[in-house]
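Please find the structures below.
Same chain, two partners: chain A is paired with chain B first, then with chain C.
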Partner chain A sequence: MSQAAAPAPGQPAHDPSDRVRLARVALDAAIAVPKVVRGEAGRDVQRVTVDGGERLEGVLAIAQPDGRYGIELRLVAQLVPLHALAEDVRAKVRGAAARAGLERSLGEVNIEFAGLLTAEERAAAARAAQATALAAQASADRLPPNDRGDGR
Partner chain B sequence: MIPLARVLVRLVSFVLLVLLALGGLALAVFSIDAGTTGPSLARLASLLQLDEVRNAVGDWLGRMEADGPIALIAALCGLGAVLAGLVLLVGLLVPRRERLIVVSRDGEGELAVRRRPLAQVAQALAEQVRGVTEARAKARPGRRAGGRLRMRVTRGPSADPHGVHDEVAGRLGELTEPLGIATRVEVTRPRARVE
Partner chain C sequence: MAEAASSSAAASRAGVDQQGESRSRSPLESGKGRTAIDDSVVTKVASVAAREVRGVHELGGGVARALGSVTQRVGVTDEREQGVSVEVGEREAAVDLSVVIDFGESIPRVTEAIRENVIRRIEGITGLTVTEVNVSVNDLYFPGDDRSEPARVQ
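Moving on to the complex of A and B:
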């Protein structure tokens, strides 16, 4: 009987299933599309996949009757023509799945736009994120050296 | 109907939990002593006048068995209780479902948009039109695909209503037509303001 090999350096300690790998590949590909802002879990019916303790928000891979996995993406995007954006996302997801050797496992790709940001909203969101980052940085700078947790 | 049932379920369960907590607290307090005075269960029964309640309820139940107005009231109350129970069950058991506007559906998958962001974007577009002072949009999904967008805009006192209507409809068309969403625009006059 063969024993499981120890993970190589730089490889994840767990061995995710095809379903989880597909979910991660699909979410990464979708978020990489220009005009897609982020994935969103949602409130009632959550699109979240857990990969070794990490929450992948905005994606769910569901087994289909034909043995493949359907992908459900919930995305926040910029205000652009949605058909074209959805086609772009689907193409990128299929391409990424093929590169990962998962094209035979990939079924339908359902896309839901949970939010559409206008240019003003996008700018406001960017300013808010920048302000939060600056506040966090200032807070870290104010802490005495012993409280920073770096052992110095 | 179902959102109302959910609100009722929340309200009733909250009220029942508060009553249960208060009842439990009262029982705990009145279990301290065992006599008929002080914080005892006998004293609690006396405070609640349970003897009189028993007599009143027994009398009422006795009259309810006979024909008459009380029996009719009881039957109506029973029917109301059954209906209220059914409403509560619906609110409790019917699963939550997000109402999405399905834009397209084919072998590749489905493309859908949530109602609120679509309405917000439509409002933002309408408010950019010259002469519009306020815009309110409501999006509803269609039975199979597409949906309806109802936009109500308030125009400024000097704005031409037809011009505002056409401009708003044109801007919304760029958003809604590719998505198969029917748009209806209403232009209203500004409300009189007393200062």
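Moving on to the complex of A and C:
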């Protein structure tokens, strides 16, 4: 297991390449589109980009012969017309890339819908997340002050 | 007790997506990229659409439901994939469903309504053309079937 060298003083801790920046911009823009639930890595061909130790699940930026990067997004969405949603995602990704100064690096944007969530599934997931958060909070409240890891 | 229209399904669906090299651009392609739909998406849409029809009590045959109840408990499958099988190409999809229908409902009416709703929902949501929807009625549900019999001895 290799360990990254510490950045020199005055240098940014992490300076991602255009490929990684583009992947992050694309994923953030896609997830911000209403009716898109999340990105999903997938099982066989994983769409994951690693950005300074962080896994961006559901996006890959692939070098094209023309020097640009094609974006592959794998998304979970709500039960809505997917073709229109894909066009919306593409437009948002292009807009975000332009704002980030990466428009010239962006090739085609391919989108795969990996799953759908119904309204009741979203509600159940929200309830489960809330229950988990409450349980974690209750567990933290029960710990003695020295074990909280907050220095108190 | 089955209204199965799936005898020639394998033969007829061999034509799914084999329109030759001169086929026109899929509605899921655009000049700016390609859109792909995973099989599980079509499965879920078909399942939701079938359950929306009045008279459909449950999806899946007897064995599928028995196995499904076990696999769901251990988190292996989604209830919504029970009783639904799909084949998805780049532009077309074919669907097989097995259903349990409420006793007293007209089976032809319910199966036709399932077919119409599944086609409408899949085409509307995914943009794929549905070439066939085969419905197999595996059982009838009688009100009270879920109640366990009282013990004969105390």
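The rule is simple: the second predicted complex is superposed on the first by the 140 of 152 C-alpha atoms of A that agree within 3 Å, B and C clash if a C-alpha of one lies under 4 Å from a C-alpha of the other, contacts with A are read in each partner's own complex, and residues count from 1 in each chain.
Note that contacts are C-beta pairs under 8 Å (C-beta built on N, C-alpha and C of every residue); 3 or more make two chains touch, one makes a residue touch a chain.
The model shown is predicted, which means the values in this text are computed figures rather than measured ones.
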item: Fit-or-clash call for chain B and chain C when the two complexes are aligned on chain A; value: clash
item: Partner chain(s) touched by A:V45 [first = chain B, second = chain C, both, neither]; value: first
item: Chain B versus chain C as contact partner of A:R90, first or second or both or neither; value: both
item: Partner chain(s) touched by A:D66 [first = chain B, second = chain C, both, neither]; value: neither
item: First, second, both or neither for A:V80, with chain B first and chain C second; value: second
item: Partner chain(s) touched by A:D141 [first = chain B, second = chain C, both, neither]; value: neither
item: First, second, both or neither for A:A114, with chain B first and chain C second; value: both
item: Common ground on chain A, meaning residues reached by chain C in one complex and by chain B in the other; value: 71, 79, 81-83, 86, 90, 108-116, 118
item: Complex interface listing, chain B residues touching chain A; value: 96-98, 100, 103-104, 107-114, 117-118, 120-121, 124, 178-179
item: In the complex, chain A residues that touch chain C; value: 71, 79-83, 86-87, 90, 94, 108-116, 118
item: List of chain A residues in touch with chain B within their complex; value: 42, 44-45, 70-71, 79, 81-83, 86, 90, 108-116, 118, 120
item: Interfacial residue positions of chain C with respect to chain A in the complex; value: 27-28, 30, 32-38, 40-41, 44-45, 48, 124-127
